[in-house]
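This is the structure, below, for whatever I ask next.
When the chains are written out, they are named A, B, C and D in that same order, and each has its own residue count from 1.
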């Protein structure tokens, strides 16, 4: 039986045709994957189904009936649930409040919080998704937040579950957990639409896969009839190699180091405990770990957003006394952020302004504080081409670029800045295969240019493929230091979960 | 024929200070002199004027001015209110150039420079200035042939109401609420304190400034604070801020008394007539009327006129004085009044001088 | 000039650039129409009211044009000052309601250095320069306090600026003007501070009017601020801060902008500009600080900045517009309309600026079919 | 009654208008709409309350009129900021500016003055007070022995609003909309309806604040009302971290400083009497800043406060 069908959906945005006559049909009880480049129109299509966008034309059928879904309320009534690419959670609310919002148990007008907590507890037990109902969401790791999102839609009895890039922020273990849940839901007859850039996952979980490109459906394939490679090619239009060629570069001197770093996070809890390590020029040091084990504290301490209660940070040999992004950058740090919209870009600024930001006060971009537009334009044009930003027009606002291209703008900026040390925090989060490949290429380039790179990633394969040395963070401590050639994903996985420690390898 | 009448009418322009129409104080008082008395009209809804009935006209003249020869003068009023200081000069300019007024009245000492400058610029127009003499560019007083200034001895009427307060208080504590520390208000304060000191040397005086002429809520809590401290007679010279004083007095009722300022507030049913023991009167209305009359009669002269107790330009209102003071005390007040008129007593103008001021001992 | 042209017509060409000009103009027209209906519904003559208003406003030539036009420019320069003060803070993501207090601080500082003995003997150029510098310093400091507390202590600038307004007001009018700076009433007649010396008066640029160089100074300030915003690294940084303000200016900080320093600098500049406006009222209009000066220019500056869309040249036009409405305001009393009527128009203009989505939608509806209007002009709900 | 009780009672009386308006700000901004129009709304309602009371000779009718205009102005704010996703600050400024112009106009139109309205029956008169004589001599409690219903109402509303925001379904939804409207929308909550409600409810509370001045504590409207109290309320709301009790303490702090200031001024002796009034008068404002530096520090509002919510596409 057909659970959901969209027919000839067209959706225009002021600048793009996001969905160009899209038709798809999804069977009840299947896991249906949609893949496609950044900006292909996947999320847009799902938001239309969920009533968040109104299509310019086209029809939607739910369980065979033509439906007019005007808002999420309608969608919820039709038993459609959606986990959004960007989490739809209220950080200051508790888990329970987030889950029951919109359909609250009540006594008269009074919100019956006690009963809500009980209901959430039952629900989490029933689906095997463990959570603490009274914890505030802002205190949860992203993985647990994901559970909250799923519980939210399950509580509403959704029959059709849409998951838009649910694994982008999950650890392999968490992803495994999620897949178990999804398979169980499928056994219960639920229909699942699954969007992901990680083709391996798609191949693991999906029954059928639709490939979208530039707003159109390229094709729908049965899983057994296809392969990761073929999917990648369908998406991007060419062959994609995600394997990183191992280059060996002579290690130089220390470009960055921390010693005995202990950091309290904004909640006042110690998030990083006595961490020490060095990054040498010409090497990529990977930091592996489950999200919430000190990565954020480490990054924020390096940027000066959190003041360490103990320990020192050095750029080269120089101890950094007053740590601000400005001071770190003038001493030779570049930074790729995990949160490009909030940290990486000034969205309403044009690409050109974003590209020179940070160097804007240097010659030739400015002279005695006055901007030199000609020099800026020349430089930006060159960089946009070099980094293959599409479209290569510096006068378009950053917010109008797709996620992948936004990331390239950030790369163009950070790479062109004079630096000896690169802090790369989850540089491929949410990027499609093409863009991910590009980022990998850039990181290897860095190494070749004898820069030191600190790569923080939740993606174990990424860490294994790129790093020369891997540090594993667990509970704010470095619980192991290994060389990728001498370890396995399993071993690191165990360390990440705090089940194993490994001494520092002496060189 | 009606048209002819309007053409021959003398036009009188008036610029209010920022307080504007309806301040229940000297702007309104000046407007009474111009609109009610000189022009015999009533300001009505939708703007404009309508004729005033004879009975209303008579009723509008207070008892102490009945003998001042107030009668309609067949003039046409043009009133411009000022929103901010910066409006004074453009308003005067408008009245002179566009409205072609014969006399332009500036209400309040804040117009001193504006009138001073304009009088030089328009030597053919006559000006009247209330509460101040005209000022030149450096703020000094100048004598101009086309400006007639009217000053008031607020300290004299302040003194009399202070003397009444000194008798009226049962707690030996009296209060004073000022708007801002500006000359006329300071003169009131000085007179009031001197008056209290004269009739009741034991009395403690609470003084407060709200720094605002237009916030009754502040006047109310200031008064409440004084009542809390034990004051039972309170005088204000604070414009609308003082309305809050009457509000507080009215709410508390007996035994508290309020004293009004500028006009006879004991007659104003909108304030607190039942608990207004007296008011310090300052007849801006009379001064305005007199100035207009001099223009109509052709006797207008430049120079300064200072109105005092002597000529009835200031005074105190009888209101509830009889109910509070004994006959003996009332006659003493009248005595004091006489002594000021004949110069036996000189009331201080500066509150700081009150402490060292020698109080009269026999009266 | 080329740059201005570029900004107005080329850069804004995002499909329907004319919208950016048409929307404010339409707002003004609709506000005037609504105002007329209002006057008419209260039984007064809207035509007469507007005739008086515009004749006296200086916007349209008429019999007394010279004086009304110059008066209009005189008051516009004050609105431009407070408008710019709000705008520059707003552009950097700060919400400053402090122009009111900074304005009065400027006015009192100008009065002091205008009459104080050692300065009063100096030649005009030197005297004025000293005064204006001191004015900007004092106003700048007043703004800086809010900037400092925001930058160093994270204290919301809205509260601090509101409190500082009142503190300025009470200290000036409850202490300085009636105390140490009070004019000697025994030698003069004005209340408040003594008059400033003739060398402290802003030179008149049009004979027989009050129009002085204040407006020229303000135009220069507009150009400087525009240059600062769009041509310098400083402006680059504060615009970045403004754009990222919703997220605590995080992106700006990460990119190496010293936002704390910039916040303090911006508040200093903002305060200095507002104070400059305040000094004009002392040095060009009243020539002393009056005992009561509850002017409201600071709050109107917010409206001016918003009508001018926080753009320096936009504020030039909105400042002139509001200046004209104010200049014409007292004249409407001849038609027995209260002097605050122009405030209604001013508020309505601001309201329609806030409703620009609606106006865009309506304008598109005029020129296009309904469907495209919905997707391109406005939003559907 | 002792001095403490009387001063406390005065403090409550003076705080009420500020508190009402601050509570109005709390509910509006918890729903994600910035409300700098508090001052303007207070002015509208202060006038309409008096007008109603003057026409009907009953303060209760005035109260209804004031609430009515509060609803209208709130709806205007909501129409601009919610329906058309207009800039909330711009809309608030528009209301403030219009209020200045239009109320003076009305004052002249209806009462033929531009200064003050006539006095009208009000809630401060003895018949309209809630008198509890037997507690009048108990310290502190005695302050409550003779308050107007407006003061009581302001105190009850603190509890009421706290209950609404933190205990009821509607409150949960209001806060969710102020924190993350898109999330609320995806859960089927009608964000627009909630915002309309919180904006109008906030305006009604601010309207009560305006009336607490004109027909609550005084008995007439004066043209300068509310003399900047709306902005003080705005500060109190931020100071109180967007919570009802926080707003209450902030309003109390401010009002106590004001009462204290007058008492100090009145009783100043010796050296203290030489201190210029300006210093006394600015005491409340210095205290507020001092409290922010010393105790309160950084305040963080609802996450989506001030961000226009548009439903896209």
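Here is the rule we use: a residue touches a chain if its C-beta (ideal position, glycine included) is under 8 Å from a C-beta of that chain, and two chains touch if they have at least 3 such contacts.
As the structure is a prediction and not an experimental result, all values here were calculated from the model.
J.: By mean C-alpha coordinates, which chain is most distant from chain D?
T.: Looking at centroid distances, A is the chain farthest away.
J.: Between chain A and chain C, tell me the centre distance in angstrom, where each centre is the average of that chain's C-alpha atoms.
T.: Between these chains, centre-to-centre, one finds 45 Å.
J.: Would you kindly tell me how far, in whole Å, the mean C-alpha position of chain B lies from that of chain A?
T.: 75
J.: If you average the CA atoms of chain C and of chain D, how far apart do the two points sit, in angstrom?
T.: Chain centroid spacing, chain C to chain D, equals 28 Å.
J.: Mind checking the centre-to-centre distance between chain B and chain C? Centres are C-alpha means, answer in whole Å.
T.: 36
J.: Any chance you could list the residues of chain D touching two or more other chains?
T.: 107-109, 114, 277-278, 281, 311-312
J.: Using the touch rule from the top of the page, what residues of chain C touch 2 or more other chains?
T.: Residues 42, 170, 173-174, 178-179, 337-340, 380.
J.: Give the residues of chain B touching no fewer than two other chains, as numbers and ranges.
T.: Residues 46-47, 81, 181, 209, 211, 214 of chain B touch two or more partner chains.
J.: Can you name every pair of chains that touch?
T.: Touching chain pairs, listed by label, come out as A-C, A-D, B-C, B-D, C-D.
J.: Please name which positions on chain C make contact with chain D in the complex.
T.: For this pair, the touching residues of chain C are 38, 42, 95, 97, 149, 153-156, 158-160, 162-164, 166-167, 170-176, 178-179, 246, 299-300, 302-303, 306, 337-348, 350-351, 353-358, 378-381.
J.: Looking at the complex, which residues from chain B come into contact with chain C?
T.: 18, 46-48, 78-87, 89-91, 93-94, 97-99, 109-110, 112-113, 132-135, 137-141, 180-183, 209, 211, 213-214
J.: Within the complex, which stretch of chain D touches chain C?
T.: 76, 80-81, 83-87, 89-91, 93-102, 104-105, 107-109, 114, 192, 228, 231-232, 234-235, 238-239, 276-282, 284-286, 288-289, 292-293, 297-299, 306-307, 310-312
J.: Looking at the complex, which residues from chain A come into contact with chain C?
T.: Touching chain C: residues 12, 14, 54, 56, 303, 305, 324-326, 329-330, 335, 337, 342-349, 353, 357-358, 360-361, 366, 369-371, 395 of chain A.
J.: Which part of chain B faces chain D closely enough to touch in the complex?
T.: Chain B residues touching chain D: 19-24, 27-28, 43-47, 81, 175, 181, 206-212, 214-218, 220-222, 224-229, 240, 243-244, 247, 251, 253, 269-271.
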